[in-house]
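In what follows, subunit A forms one complex with subunit B and a second complex with subunit C.
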Partner chain A sequence: MGLTLQNLDKTVGRQIHLKDIQLEFETGSRNIILGRTLSGKTSLLRIIAGLDHPSRGRIIMDGKDVTGVSVRKRNIAMVYQQFINYPSLTIYDNIASPLKMSGLSRNEIDGRVRAAAEMLHLEKLLGRLPAELSGGQQQRTAIARALVKDAALLLLDEPLVNLDYKLREELRVELQEIFNKRDSIVIYTTTEPTEALMFGGNIVVLDEGRVLQTGPTPQVYHHPATLKVAEVFSDPPINYLKAGIDKGVLQLGDNIRVPLNGRYSSLSPGKYVVGIRSNHLCLSRRHEKDTEFKARVELSEINGSETFTHLKYGETALVVQDEGVFPHKIGTEISVYVSPDAFFIYDEAGVLKASPGAGQRS
Partner chain B sequence: MKIRKRTFGLALYCGLLMLPIYWMLNMSLRTNADILGHFAFYPKDATLMNYINIFTDKAWYSGYINSIIYVSINTLISLATALPAAYAFSRYRFLGDKHMFFWLLTNRMAPAAVFALPFFQLYSTVALIDTHIAVALAHCLFNVPLAVWILEGFMSGIPREIDETAFIDGYGFPRFFVTIFIPLIRAGVGVTAFFCFMFSWVELLFARTLTTTNAKPIAATMTRTVSATGLDWGLLAAAGVLTIVPGALVIWFVRNHLAKGFALGRV
Partner chain C sequence: MEKWASNKAWFLVLPVFVIVAFSAILPLMTVVNYSVQDIFGPGQSVFVGTEFFKQVLADSRLHEALLRQFLFSALVLLIEIPLGVLIALAMPRKGVWVSACLVTLALPLLIPWNVIGTIWIIFTRPDIGLLGSTINHLGLAFDHTASPMDAWVTVMLMEVWHWTPLVVLLAYAGLRSIPEAYYQAAKIDGASSWAIFRYIQLPKMRGVLTIAVLLRFMDSFLIYAEPFVLTGGGPGNATTFLSIYLVKIALGQFDLGPAAAFSIIYFLIILLFSFIFYQALQNVGKGGRS
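Coming up: the complex of A and B.
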């Protein structure tokens, strides 16, 4: 039981928005769709909702083909990225609107509206109009409207992206609790790897309309199957270095040489691409086995307690994420350290050959 | 000093603007002999004779009633057809939609005189001559495109996601349209109704061509004041003043919407 997407394609004009999507979502599961802007997240969600129709393929819900079923007859709820409420109705009527259509008694509606409002801290605002609310409260209203009916499918299209940082953190935690109490399929899209990791559940990594990888979120994070997945699922984007293996030694870039051991020692000699997450690079030695190399500082971004140092190593741009504040002068040469067991090693076609594994420091 | 200059300029502008209207009001309160006798800035012996004349003579007041009837019918028809049409133009993409939208507008560019004769023949054939509905339908020729054009601008300002949310919530289309959508474009509907009213109210050519007695508009009645004994100045002025009244009333009622509409939409 659950939702199955079979061979979905969506083309608009000559542009391919989605290509050959095969996915399964189980009842009661939490699902994240991760992808950059224009990767097709919203297109996919709209097709699942029934707002758009696929060019090809079928959507099966609990064993029934619902591909052509109108959105009105499907039991879904959706939250948009923009704050969408009915501007002419009060918050109470906004939340009550899906229930009024289902023909429940007045008392029942009142009880459920108040419960949903309480869950999202809107009790005191029920008499107001959406325009009189802050952005966060407007989005809470939209979420309350989506939660008030027991939809089998709850779709959220980057619901927190237009909120400020504080509110986002707060709602993120609350939403997780709310989702855990429900047994509907939750599908949540985001561009942010951090957000995806916080929600956990299962993940679908989408890029240019194609599914790159699916699986439990932490597992995909620790074993990104291709370079592209690693790129989408790292923030800041993962660093690449061209590499070669010869006689048990990994040569990174021009002159970084790392002796291979542990899980990497079985790799055959040849050419590779190595991905290193920014938090695996360090500006100070953390372990005596760390390999040191020199790079030139391009920019230091200080983000409160962390520093993102943008470096140039030869022709390659690198980003180092470090705890603490390290203001470096632009143009100076500094030492960078990398742990020998933090490499994602891909072959030339971009397929994962070895990863650091979940046990490593991350 | 600067403010005074501006106030003075505005006062002068308003004065010049109101002068002809004041002069008409002035004349409507005087007798013909008085008007032709001597020049006066205000009526010395004000008389309401001209107005009483209009309100007691059926030939006169029925002109106003006829005009109001066909103008209202026209406004209703224009809105009822333009609302769904504008929704379609704003929300759906279909073959030739942009051309059709433009074609609608070109109807406004053609002079009414071009259509007068064909309309006369067509309406005679279906025995609609001298009915209110005939004039109301003829005025749709330029009012429906205008209404579609204005409403489409307002509707495109409403995010499509609101429609989708309503459908997800389970609203059927008619219910969504009436209870959710139209309240959102209230200002647009007000502005559109105003323009339909005004254009239909001042239009003379169709109204005159398509009517004889039963649905004769006030503007046509006003030509009656010319006779062998000369022009009935006072009566004509009184009729003119009364012609302004409905328009002024409509403006008064939609003034808030109008200001908002001019700021927001496509007018």
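Coming up: the complex of A and C.
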């Protein structure tokens, strides 16, 4: 039971929007589709919803082929990036609108509208018009409209993107609680790795219309199968360094030498690419085994209690994310420390050979 | 400091104030001046108070013209607004045909108003006009110079042909500004195309339609050139609208005093109705729980 996508392709003219998508979503599952802008997230959601038809492939819902079934006949609900509500209807009528077609009794509709409104803290706003509400309240209304229907499939297309930071945090927490109480399939797209990690559940990493990796979200985060996945699923983007292994020593860049141990010791000599997440680089020594190297400061972004220091190591750009305020001057040379077990090691084809694994300091 | 700043602001507004004074306020005051004085020649005038207003308001021909004018404007709004919205809905949303449609529609708007009248005189002539002779060949007697009804039909046709495109352009612009996601969301809700029109397209067009209604009301209420060229207000007084009658009093009979009083009443009627339309359109369909 659940939703299965079989060999979905979507081409528009000569452009490939989606290529050979094979996915399964179980009933009651929470799913994140993570990808950058234009990676095909919205195209995929539109096809799942039935708003667009795939060029090839089938969509199976609870054992039935629904590929050609019109949107109106499918039991789905969708929330958009923009705050979409009926402008001339009150919040109450907006939330009730998906139920009006279903032939429910007035009392039943009233009960469900009020329950959905309560879940999203809209009880006091039911008599107002959407234009009289703040952006956050408008999006809450749109979410309530999606929830009131009890659809088997709940699609959310970057719903929090247009909200300010505070509201986003707030709604993110509430949404998780709401999703956990339902048994519909939830599919939620985002461009932000942090948001994906907070939601947990399962993840689909999408890039240029192709599925790169799927699996439980934390597992994919800790073992990104390819360099591309590591890139999409790291914020700030993961740091790369060309590397080589010889005689049990990992040589990073020109002159960083780290003795290999633990999970890395079985790697065979050869050429590699090493990925290091910016939070695994530090500006001060945390452990006696840490390796120190020098790099030149390009920019310091101080974000409250954290500093993102952009560095140049030889020709390679690096970002260090560290707790504390480090107002280094541009152009100064500073010491950077890297723990010997924070490496994502990829072979030359970009396939993961070893990763730090979960339980690392972060 | 603050006071100095606000004085400077007044200074900057002054040029606009002077222009508006010369273009609008002073002429209007002249009209007011004419309406309360009987002027025989330079320096020879008698203050008559509201006498001209009383005279004009008691004029039965003016009542007829006013009634005719309301009927005309009502018909214009009732035909042009729904027709314009319908055409806008039927227009393609993208592709090469969009510009073709827009240019074709805009053509009547580019023709000078007096030429419009001439075009329709020829078009509806019973002997050589394409429309006139076609109708007469179908066995229906049609002559806008003889029958009041035919004159009305011709003026209405001309007006609809001339100005519906403006409503279409405004409504089309309003429709184009609705994000695609609204239509998708409505489809997911299972909304019918009527519901999409009623609850998405119409509310989203409120702003442009308000402008369309106001423009069409004011313009049609002031109509002069087209019926003047086409029928000269006739046959009889059948198409003597307010402005045509006003010109007859002012220039035909040279009764400047009554004409000035008439102008002020005319102006106030337009102001009042524009205000009513504006208020009504701002509030219609809002807040009611269905």
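For this structure, a couple of remarks:
In this text, the second predicted complex is superposed on the first by the 362 of 362 C-alpha atoms of A that agree within 3 Å, B and C clash if a C-alpha of one lies under 4 Å from a C-alpha of the other, contacts with A are read in each partner's own complex, and residues count from 1 in each chain.
Keep this in mind: a contact is a pair of C-beta atoms (placed from the backbone, for glycine too) under 8 Å apart; a residue touches a chain by one contact, two chains touch by 3 or more.
In this text the structure is predicted, and so the values were computed from the model without any measurement.
Superposition of the two structures on subunit A leads subunit B and subunit C into a clash. Of the two partner chains, subunit C is the only one that A:D93 touches; subunit B does not reach it. Of the two partner chains, subunit C is the only one touched by A:L129; subunit B is not. After overlaying the two complexes on the shared chain, residue contacts for A:F326 are found with neither subunit B nor subunit C. In the superposition on chain A, contact is made by A:I84 with both subunit B and subunit C.
Of the two partner chains, neither subunit B nor subunit C is touched by A:F308. Looking at the shared chain after the overlay, A:L51 reaches both subunit B and subunit C.
Contacts of A:I76 after superposition on the shared chain: both subunit B and subunit C are touched. After the shared chain A is superposed, the part of subunit C among 2-10, 110-118 or 200-208 that runs into subunit B is 200-208, by C-alpha clashes.
Applying the stated touch rule to the two superposed structures, the overlap between the subunit B and subunit C interfaces on subunit A comprises residues 49, 51, 71-72, 76-78, 80, 82, 84, 86-89, 97-98, 101, 145. Of all residues in subunit C, those touching subunit A in their complex are 179, 181-182, 184-185, 187-191, 199-200, 202-204, 206, 285-287, 289-290. Those residues of subunit A lying in contact with subunit C across their complex are 46, 49, 51, 71-72, 76-78, 80-82, 84, 86-90, 92-93, 97-98, 101, 127, 129, 145.
Residues 159, 161-162, 164-172, 180, 183-184 of subunit B are the ones touching subunit A in the complex. Subunit A meets subunit B in the complex at residues 49, 51, 70-72, 76-78, 80, 82, 84-89, 97-98, 101-102, 145.
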